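Each in structure tokens, the structures are laid out below.
Heads up, the next two complexes both have subunit A, just with different partners, subunit B and then subunit C.
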Partner chain A sequence: MSTIQHYAAPRSLEEAADLLRQGNVTVLAGGTDLMPQSKAGKLKFQPVLMNIRNVEGLRGLTETGGVLRIGATTTITDLYDSDLVKSRLAALWQACDHFASDQIRNAGTIGGNICNASPAGDTLVPLLVLNARVVLAAKPNGALTQRVVPLREFFVGPGKVRREPSELVAAVEIDMPPPGFVSAFFKFGTRPALDISTISIGFGAVYEGGKLRDVRVAFGAVAPTPIRAPHVEAALEGKPLNEETIVAACDAAGQDARPISDVRASDWYRREMVRNMLERMLNNVRNG
Partner chain B sequence: MSAMVDITFKLNGINRKTRVSATMSALDMVRDVLGLTGTKYGCGEGECGACTISVDGITLNSCLMFAADCDGRDVMTIEGLAADRKGEALRDSFVEHGAVQCGFCTPGFVMQAHHVLEKNPDASEAEIQRGIEGNLCRCTGYRKIVDAIAGVAAAAK
Partner chain C sequence: MAVKEAVKDTEAKTAADGGTLIGKRIPKMDAPMKASGKTRYIHDINLPGQLHAKILRSARVHARIKKIDTSKAKALPGVHAVITAADVPNQHPIGVAKDHLPLKTDRVRSLRDEIAAVAADSVEIAEEALKLIEVEYEDLPILSDPRDSLKANAPLIHPEPHGADGTHDHLKQGMPIAYTGKKDNIAMTFDYAQGDMAQGKAESDIIVEDCFSLHYVTHCCMGVSGVIAEFDSSGNLLLYSNTQVPFLHRREFADLLGIDPGRIRIIQPPIGGGFGSKLDIYPFEPIAIYLARITKRPVKLVFSREEEFVASPTRQPVLLRLRSGCKKDGTLTFREVDTIHDNGAYTSWGATTPFVMMQTISSLYRVPHCSYHTKAVYTNNPYAGSFRGYGNLQATFAVEAHMDRMAEAVGMDPLAFRLKNAQEPGEVTPQGMNFKSCGFKDCLTTAAEHGDYERKHRDNATKWNDPNPIKRGVGMASMLHVGGGAKIYQSDGCGTILKIDDFAHVTLITGASEIGQGSETVLSQLVCEELGLPLSAVTVVNNDTDITPWDVGVHASRTTFIAGNSAIGAARKAKSKILGMAAAKFDTTAEALDLRGGFVIDKASGKRLVDLSKMIRSLHFSDKAELVMTTFYYEPPSRHQDREFKGDVSAAYAWASQVIEVEVDTKTGIVKIVKVSAAHDVGRVLNRLGIEGQVEGGIVMGQGYALTEDLMVENGTIRNPNFRDYKLVTAPEIPEMDISFIESMDGEGPQGAKGVGEAPAICVAAAVANAIYNATGVRMTELPFTPERVYRALHGKAAPMTWSDAE
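This part shows the complex of A and B:
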């Protein structure tokens, strides 16, 4: 473990961005990843530890003009308790419902889940389905600037994201889905609580008149990062949701999922799980 | 040696000032710096809930929280809850239902049960079970713990 020379708890985004510009900062939100990683020696602290939980305006959900902004320090419990998330973003709500335990949901933040960039990060799969964008704040020349990156392009590999060291993830933005949009999240682990996903699937589409449109499918834990599944999406887009379409979509899943074998499951098992669970999810949508 | 941080916060209703290392967990602070040993170290990884404390009215695993993050907050440990009427009701119910064997998990369960009932005073049995998912008990098999919490929920009705 490297030593921390300075601990800071800024109260404004300006102040936080100033500290980041000076460099050598480890950002701390809920600490549910940072603490175990630092204790296990997997993470080396930078000389400055910056706690962002007191930064004003970073926590909470606001909807303006059809765009939902979720502040980076919004906790998983905040999302889980939100009526808006529950009623309109079912896949995200279901992911929160399957997330760890109450104590961890109370501490863990959405910004931390995104920046930790685990291939099995539970909010990441529904956020990909919702075409989420990451809002990054920085202060390069004395003035606060914002950069927006589609979440889909944000992940580089396990624990690696396209964030400059001088940037703070300030929020996630989602265009509220259109009327008739249905979505769902499925996570498979070996026990209900406190389990890392063996695989997870997110699905979203407008389902009207028996047909699917604006289809979005994402997989967790079957590749180095959470991914969208373009082959599955193509197999479903514009199609009536019948037996034949479902079989075609499940066949296509093999082209999108590139799982590995590890202590939790073999690659073969993961592929079979994706196939079978996708079939089950699509049948659930079909049967309402 | 990592930086030391001076923090001020409320501990079980009383204002406290202390000095902690920037890397220290809230659990280590509570036990080793403040000397309150009711909060237990089970796994140190967020898996068992033995270290559950309440911060600004919300429970979390103190083994995952940075001690410095307690600055300015309202922290309650089992010692604080034990002195509270609601804590007493839970304690009595745990005893009455035989929900304590070795007792190592008990402070964490009582803290979390208190939080579950504060948020949802007439929590159903299923809701109680969901609420305590983050707490492990090696002895009781959970049935009596759930009954003890449900007993307090029923008494409040």
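This part shows the complex of A and C:
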């Protein structure tokens, strides 16, 4: 039986932050993770259920001075439909394309995907590649404050993030990538739709004159959180993208990926897939 | 009305022109209601005063129950009854071997085992009450591999006698296993032989042996299991039930309650899919009945999706060894099969799949000498029921993968090797099956031609060592299945009552259940064909045992054939009655008249004599006041198997060949089906739209069996009881399909048709296995072909099953 005693649907960030400060709040956005988890008994509702979908200014994309701000309740469909995302943030757009199903994309939000902190979360891998920052709002002393945390430092473990109970994820910020930046996302699952990643890979770099720089590589579903792959990045940074570099990068992937065996795949197979699919992605970049 | 309008547009013109409805594309009569969300399933039915029931299942895989305390659950407000085995002292064992008590007494044998049940004012209260029931267990060793169950000194799963009252009292000779226990873990055995195996082996130039391992999958009906039970004040039972076999269930529930079957009425709401899952009685049904009896209220029990995964039947998992021989020219000489069926903790229909498996082994091809042995072995795993194809997906997977291996060993093209050994019309097999119509060779050559099989098969095999990691392959497989009913019970018949009213509107009252397969539409079509009426002139009544005549149930691809013949029989009786009356009126003979386009016509000239409804109305006021009402019962001319499993169980047999083209990504192990070229001998196409749907749906179900669906059972526990981790095929994965129908015009079939319901799912896994081999040179013997399993095999990291483990 439900333990929810109050339902709140604030219209402003101020109001939402006030409610959070009073404590015992479960935050509801798209509900695509929250509801199945509560039904499965994995999540217990707090006495207050706060729906943030009506909070003004929390949904949508705005670019100012080379910084893109994506509001927390921006849906996956919103991102997928954005020309800006499609043309300049290819990895993020591809992740939205492979995200669950139309129905879930219409409801699921980017803030929810981040707070759910699944090691396999589809948007998290490209957001790591894009050096995204999480903007947290709170009202500790009667005034609205903001705290910005690099996404890379935000994840603690499966389902665990560095968000205080009194804070609300208000937005994600991305510095728009430099000219010549190419990026790609690869999701490996057993079927093209409605699947949880067995592994996923995000790649981004400036590729000019046959060489890579500003290389960023991230992996999903190979560690307790989505991770950046520093060894792979080091193997690629400043190198010509040739056979030798690709082999070295794939070898390095073994040092970054720390997968487990579960119902979807064995750790051995996940390592093999990280290697094989990274090779395939780098070859795709190389072949344009 | 919307249904009739939609149908009317499609074929009104045809009927008005006096043309035929057979072979036309006719939308299903129930489609508009279902598509618009207006169909009322059992979930939508709520009776006044109804209580909601939930079942407490075991928390242990195998354990003794030391103590059950229901006092806290009983004290919860809103709870009306909490029952355990102790509250139902005279439980009746259920299931195929009568080894299963609905509420468990002193022992649980699997995680689906029912320990207690609650009836409460709401589902939420019932669920809360379950949490308050305290059960004390003492763990017993778990048997999760049937090979372990067969070992000497293995713990017994049904050991000592235990009466329903928990004592050894009242046990009589010949009582069910549920009471008497069993001295080993073997639930059932099947042994079949034909010819002389020694001679067959002596005549063989080549002998090939293979082992195969077949997994658990489950039906995944969109509508989960459910029942509503209600007793009236005289103790008569009314059940709203999703069963596929209402008349058999009536008898079983009567035994269970010790009352006359006539006092039980079963109404079937529209059923959200069956596929064989609803052919047996499961504990939840008696439990709902017990709760209704105790509370004197209607009790509704509907599964959650998780419960559906955990506590509904599966497809039978099988370990199988197959050895066959042939001569240098490819003529098959002998076939020898051993299987171990994991029976789970209790015996349902899965254990009896050898009935069908041995038919494929002995009779798909001409094999003079055969032996077949199955042991169905108790474990603490889930138990299998019947599932579309009934053992034939398993047998065909083995036989058809093995046929490719043999063709290679003897140096023949797989198609030529199959054609050499394929059955032909008129053959009577050593097992006794009589193939009066048989389009097998046409199926083989048609599928091969549409799939460009021979050329692609040759070319693909030369590219195994190409640098391109994406490989293409084609594979073929064929099947034989009952297509004219199946004489499993004493009778395989079906009754029809047909009424024509004053407006020439037909009410077709049939015993045949509709489970989404399209029987209402095809039966209406067959009746209209006889009476020269449009489909909109028919209403079908098919869901109430107090109204409809007897039928054995929806299974074995039998409904079009059996119920169709019965409906035609009733329509012909009505027709002869009408024409007799018209002949008197027009002073001619009945033979000179016919019914077409809603009129009585002169057969020779085609001239319309009178509107049918007008003629029937005129009879209303005649001195005889004739009402047109006929009854007809059809029993097919099939023959039971004898004690040696020899017989001709079906009035007709269906055939099919499928050529499947795959793409294998050797860097991931992902196998993608690109195209299916299917050729099915269906006797005759009745409703083209309906049969295309059946074949397409069946192929997708076979695709899931081959590639993605896997109910993972580890130590008796299902690891993926949800649609996130149990992977059904989704729309983007569905391949191009090129479907051909071979119309062999069966002499006994309704308008020449044979059954098709199960056939399309049967060939897929074998054809895919053969295609993977053709693409990569690697032979898959263990289902399903998930990316990791294929990748391991491609990299030599799979350990293929060997039979020595099983001996």
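We adopt the following convention: the second predicted complex is superposed on the first by the 286 of 288 C-alpha atoms of A that agree within 3 Å, B and C clash if a C-alpha of one lies under 4 Å from a C-alpha of the other, contacts with A are read in each partner's own complex, and residues count from 1 in each chain.
Note that contacts are C-beta pairs under 8 Å (C-beta built on N, C-alpha and C of every residue); 3 or more make two chains touch, one makes a residue touch a chain.
Nothing here was measured: the structure is a model prediction, and the numbers come from that model.
In the superposition on chain A, A:T145 contacts neither subunit B nor subunit C.
With both structures placed on the common chain, the touch criterion links A:N51 to subunit B but leaves subunit C unconnected.
Once chain A of one complex is fitted onto chain A of the other, the partner contacts of A:F188 are limited to subunit C, with no touch recorded for subunit B.
Looking at the shared chain after the overlay, A:M277 reaches subunit C, while subunit B stays out of its contact range.
Residue contacts after overlaying the shared chain place A:Y7 against subunit B, while subunit C stays out of touching range. Shared-chain residue A:L28: touches subunit B; no touch with subunit C. Of the two partners subunit B and subunit C, more subunit A residues are in touch with B. Common to the subunit B-facing and subunit C-facing surfaces of subunit A are residues 1, 192-194. Against subunit A, the residues of subunit C that register as touching in their complex are 124, 128, 667-668, 670, 708, 712, 719-720, 724-725, 727, 729-733, 786-788, 791-792. Interface residues of subunit A facing subunit C in the complex, by the touch rule stated above, are 1, 188, 190-196, 198, 263-266, 269, 272-273, 276-277, 279-280. Taken in their complex, subunit B has these residues touching subunit A: 1-3, 5, 22-23, 25, 44-47, 49, 52, 58-61, 63-66, 68-69, 71-72, 112, 115-116, 130-135. For subunit A in complex with subunit B, the residues that touch the partner chain are 1, 3-7, 9, 28, 30-32, 34-36, 38-39, 45, 49, 51, 53-54, 77, 100-104, 106-107, 192-194.
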